[in-house]
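Below, chain A partners chain B and then partners chain C, in two separate complexes.
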Partner chain A sequence: MSVEEILDIIREKLGGIAEDIRYVESAGIIVRVKPVNLREASHIVHDVLDAYFRTMMAVDERPINNTFAAYYVYGLDDKGINIIIETHADPYTPVLPSIADIVPAADWYELEAWDLLGIRFKDRKLYRFVLPDDWPEGLYPLRKDVDYTARPSPRITYKPPLQGPRLPVGPYHPALHEPEYFELFVEGERVVDVEYNGFHVHRGIEKLAESPRFTYQKVPFLAERICGICGFVHSVAYTLSVENAAKIEVPERAQYIRSIVLEVERLHSHLLWLGVACHLLGYDAGFMHSWRIREKVMVLAELLTGSRKTYGINLVGGVRKDINMDKITAIRNTLAWLRSEFAKLADLVTSVPQIVRRARGTGVLPRDEARKLSVVGPVARASGLDRDVRRDYPYCAYKDVSFRVPVYTEGDNLARLMVRVEEIFESMDIIDQLLDKLPGGSIMAEKIEVPEGLIGIGNVEAPRGEDIHVVITGRGRPYRWRVRAPTYQNIPALKVMLRDTPLADAPLTIASIDPCFSCTDRIVVIDLKTGKKEKLQTVSIPGGCGCEI
Partner chain B sequence: MRVDPLKKSIWVFHLNTGSCNACDIEILDALTPYFDVERFGIKLVASPRHADLVLLTGPITRKTLPKVINALRAVPRPRYVLAIGACAVGGGIWYDTYSVIGGVEELKKILEENGIEIDRIVYVPGCPARPEAIIYGVAVLLGLVEQKVHGEVKIAE
Partner chain C sequence: MSLKKLLKPFKLISIARRSGVVTVLYPYQKSLITTEFRGKISIDATKCMGCGACVNACPPNALTLSRRDDTIILNYFIGRCIFCGRCAEVCPVGAITVTHEFELASTSTRDLNESLVHRIERCSGCGGGLGATSRMLQYVILHSPASENYVHLCPDCRKKKLIQSLAMKMGARTEDYEG
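Now for the complex of A and B:
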């Protein structure tokens, strides 16, 4: 179906309420509506056209057109095109209708827009979400009139533990390792509810990229530091969005090199996760073997890019390091070794009863719930949603390679494990194909000019799922850069996965989304009947993916 | 208080104060078969009360600050900290953003206001710090190797 045909459908469905419908090649079909029509437009796009909710960007556009703007990005997966609902709110008292009941996945985005930009959403509960509790009221860091260094002095307050059997006790007691925090409400051995308290790793990246310290070419290095595990994904997504917006022609060879490094990163990330999953199930032999194999991938990454992590080879317009014959030989040797070693490990892991029996049937996420929450990546694919950004919205060199997207319908922990195991094999095949087809030529675009006021979307299939960046270009640096990491979409699904399941499965289920919280996860268990609290388990989960920007 | 050098196997506690995880996975890398620091008796523990050494990674974000203070208060004396990575050493790329306090130096000031003393900080720079560098940092702490750089400010004439 061509863009024109989709435009016709949208004109037919949304023509009555839209102020303007236009097609922008770098982003998608932009439909501008008045705030009063936002709910209806969201309903039509999300439910009638069956588009997948991808991200929402709230922008302080007061210096440009004296409004606060919100862009809701939906994707038509089978057509590979985005539908963006644009709406503008009043500059003095910005209020928008909430769409969280129509699009459940939009819940967090609204809370974040309220916290960081001060946009109020009607008919819903708004509370402090991203910023710390002691942050002063009325100071919204993402507004353009607030300096990025605005740093109100912290007040260190200790909250007394809350009383009563149904209340969470002490979310702020020495939380130690983990910058994220889950509270499980249990009745006996069964989990009845989950509460999430996160955003401890909020470092103000989006604001920093708009600051005078950064330029277009420096932001990729900042983007890599969003996450220490899948950082290259973020830098590619950023560069893609800027390149799309400014229509920069990236040489083919650079695109291939990006794809190769992306797949190397996927290998290391999935091997890391597999090890952690084994560790959580008490199968430490699998953990150690997985990490032993992974070390070779880290050495390979160092050979290709110069560092084990935070590769730093990406720029707007191309890459900084070329691949020569020596490196190609090294990649092939490593892949051959990896194939045989990983095949053995995969056989072992998928046959050991202590893993299979613990993982099968636990942490189930049914397909309809997964669709409602718009989950991404292996979590979606394990619940029967056949989505893969590499195939649906091709970028870099993925249009030139063929690969299989593993899809399982069970939606349990075993399905998520199997998806990742199969993806490791697919990744190795993809790297082989890319090396076979690697074209010659330069690795950097010759002309890089980024005009102002353009919108661009870049998406990358990260190891954890779809990573999507939206950029509005400005003078010398992005005017607004919105990052949506995959775990942002997946954490709300934990509520469904954990509810009414045995407590013992909780650590594995939480880890099964390959969550973003850094390193160690501590779960406080509250017994609803006795009000007794205990710490469930402290486990080292190197699962992070700094989803909190 | 006189600080005795550590003599026996050291147990480490991993304190992530807002890190991007790159340093954290390198710590884990040091614990797994390729580097295998457990052969030196270095073991990761789950509670700060059991720890001889705190591995601090990441810039200190405002939201983690109260928790970091509580965690460090629970560490028994002598209280050693290994600041791993550029962010922990000096705030890194985030040194002046709105939601970050800064590196371990700023943390130290706040800790002193709260009456918590840190006996020694060893800095391991890098973004991320390599596993070898982390192991070297522990060796510096134990006195097995000489510290190469000292915190003196030299002003050119």
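Now for the complex of A and C:
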């Protein structure tokens, strides 16, 4: 279906309420509506056109057009095109209708926009979500009139101390990935409800990138530090969004190198996860061997980029490090070794009873719940949603390779494990194909100019799922840079997976979405039988990286 | 079939035997890095001219330029460095090389700072500060030889010289400008 045909459908369905419908190649079809029509437009796009909710970007556009703007990005996966609902709120008391009941996945985005930009959403509960508890009231850091160096004095908050017998276990380690905090409400051994409390280490990266300290070419290095495991994904998503917005012609060879490195990153990330999953289930031999294999991938990554992690080879316009014949041979050798070693390990891991029995039928995420929350990556594919950004919204060199997207319908922990195991084999095939076709030429665009006021979207299939960045260009640096990491979309699904399951399965289920905050899970268990919320016990949940708390 | 399946987990034994010991006795055994590894940078004091191009490119501000009295100081703070090598890429005279050094832990931040001090040249006309180092001037002359006549002058003296030479062309005598 061509863009024109989709535009016709949108005109037909949304023409009555839209103020303006336009197609922007770098982003998608942008439909501008008045706030009063936002709910209806969201319903039509999400439910009638059946588009996935991808991200929402709230922007302080007061210096440009004296409004607060919100861009809701939906994706028509089967057509590979975005539909963006744009709406503008009053500059003095910004209020928008909440769409969280129509689009459940939008829940967090609204809370975040309220915290960071002070946009109030009607008819829903708003509470402190991203900002720390002691951040002062009424100061919205992403507004343009708040300087990035602002260090407000903390407000005093009172939290009633926890009562009853407690068993504090382990350190709370903010330096390792993102710590998170779940509260599991249990009745005896069954989990009956889950509360999530995250963003303990919100770093204000989006604000920092808008500050005079940064330039377009410095942000890739910042973006790469969003995640310690799949950082390259973020730097590619950022550069793609800027390149799309500014129509920068990136040489083919650079696109291929990016794709190769992205797949190498997926290999290491999935192997890491597999090891951790084994460890969580008490199969430490699987953990050791998974990481033994992964080590070769890490060494390969260093050979290709100069660093085992945070590769630092990406810039707007291309890459900084070329691949020569020696490196191609090294990749081929590593892949050949990896194929045989991993085949053996995969065979073993998927047949060991202590893994299969614990993973089968636990942490189930039914398809319709997955769809409602627009989950991404292996979590979506294990619940029967056939979506993969590499195929649906091709970027870099993925249009030139063929690969299979493994989809399972069970939605349990085993399905998520199987998806990742199969993806490891697919990734190795993709790298092989890319090497076969690797074109010559330069690796950096000749002309890099970024005009102001353009919107661009960059998406990348991270090991954990779709990672999407939206950029509005500014002078010398992004005017607004919105990052949405895959885990952000997947955590709400944990509520469904954990509810009404045995407590013993919780560690594996939480790890099964491959959360990015792995190292430190803190879980509070509240026993509902006693009827008292104060009666707390804290249990230890081994985190993703194998560090126990 | 089912017996085969039952025995599958025991394949671990053969995998483990074949792979043997894979860890190395770091730091006593071989080095852990490849040829491409990016470690700390080293700035060649005999080449650097204090232009600050690296400072502008450095993403985390590990390199900073400051001016004190008659000197320009280029400071490299390893504690902030992310070992990206952007500085080496942009340095116009190739003064920066990326080394393989990575064992940088220290108990004192003093060990993590390296600075390079450049003297600021004086204007050959009025003797005031010029804001540039002598190597910067040499670099400018090398790349545009015509500039040799005025690079050693401060902007004020340059203006004076220009007016003077224009006036001379138009027939004024030098005495008009003296005393």
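What we mean here is this: the second predicted complex is superposed on the first by the 505 of 549 C-alpha atoms of A that agree within 3 Å, B and C clash if a C-alpha of one lies under 4 Å from a C-alpha of the other, contacts with A are read in each partner's own complex, and residues count from 1 in each chain.
Criterion: a contact is a pair of C-beta atoms (placed from the backbone, for glycine too) under 8 Å apart; a residue touches a chain by one contact, two chains touch by 3 or more.
All of these numbers come straight from a predicted model, not from anything done at the bench.
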| remark: Counting residues of chain A touched by each of chain B and chain C, the higher count belongs to B
| message | For A:L222 in the superposed arrangement: first (chain B), second (chain C), both or neither? | response | both
| query | Touching A:R203, do we find chain B (first), chain C (second), both, or neither? | reply | first
| message | Let me test your reading of the model: by the given contact rule, A:E452 touches which partner, first (chain B), second (chain C), both or neither? | response | neither
| Taking the superposition as given, does A:D368 touch the first partner, chain B, the second, chain C, both, or neither? | neither
| message | After the superposition on A, what does A:R292 contact: first (chain B), second (chain C), both or neither? | response | both
| task | Name the contact category of A:S351: first (chain B only), second (chain C only), both, or neither. | result | second
| If you stack the two complexes on chain A, which partner ends up touching A:E249: first (chain B), second (chain C), both, or neither? | neither
| message | Let me test your reading of the model: by the given contact rule, A:R151 touches which partner, first (chain B), second (chain C), both or neither? | response | first
| said: A:L304 in the overlay: touching chain B, chain C, both, or neither? Say first, second, both or neither. | reply: second
| query | Considering each complex separately, which residues of chain A are in contact with chain B in the first and with chain C in the second? | reply | 221-222, 292, 295, 310
| For chain B, which residues are in contact with chain A within the complex? | 13-26, 28-29, 32-34, 44, 46-48, 58-59, 61-67, 69-71, 74, 92-94, 96-101, 110, 114, 127-128, 130
| task | Would you pull the chain A residues touching chain C in the complex into a rising list? | result | 213-214, 217-218, 221-222, 285, 289, 292, 295, 299, 302-307, 310, 312, 320-321, 341, 344-345, 347-348, 351-353
| chain B contact footprint on chain A (complex, rising order) | 131-132, 134-135, 141, 146, 148-151, 154, 156-158, 172-179, 199-205, 207-208, 221-222, 225-229, 231, 272, 275, 287-288, 291-292, 295, 298, 308-310, 518-520, 538, 540, 542, 544-546
| message | Quick check: in the complex, which residue numbers of chain C touch chain A? | response | 5, 8-9, 11-12, 15-16, 19, 22, 33-38, 57, 59-61, 82-86, 89
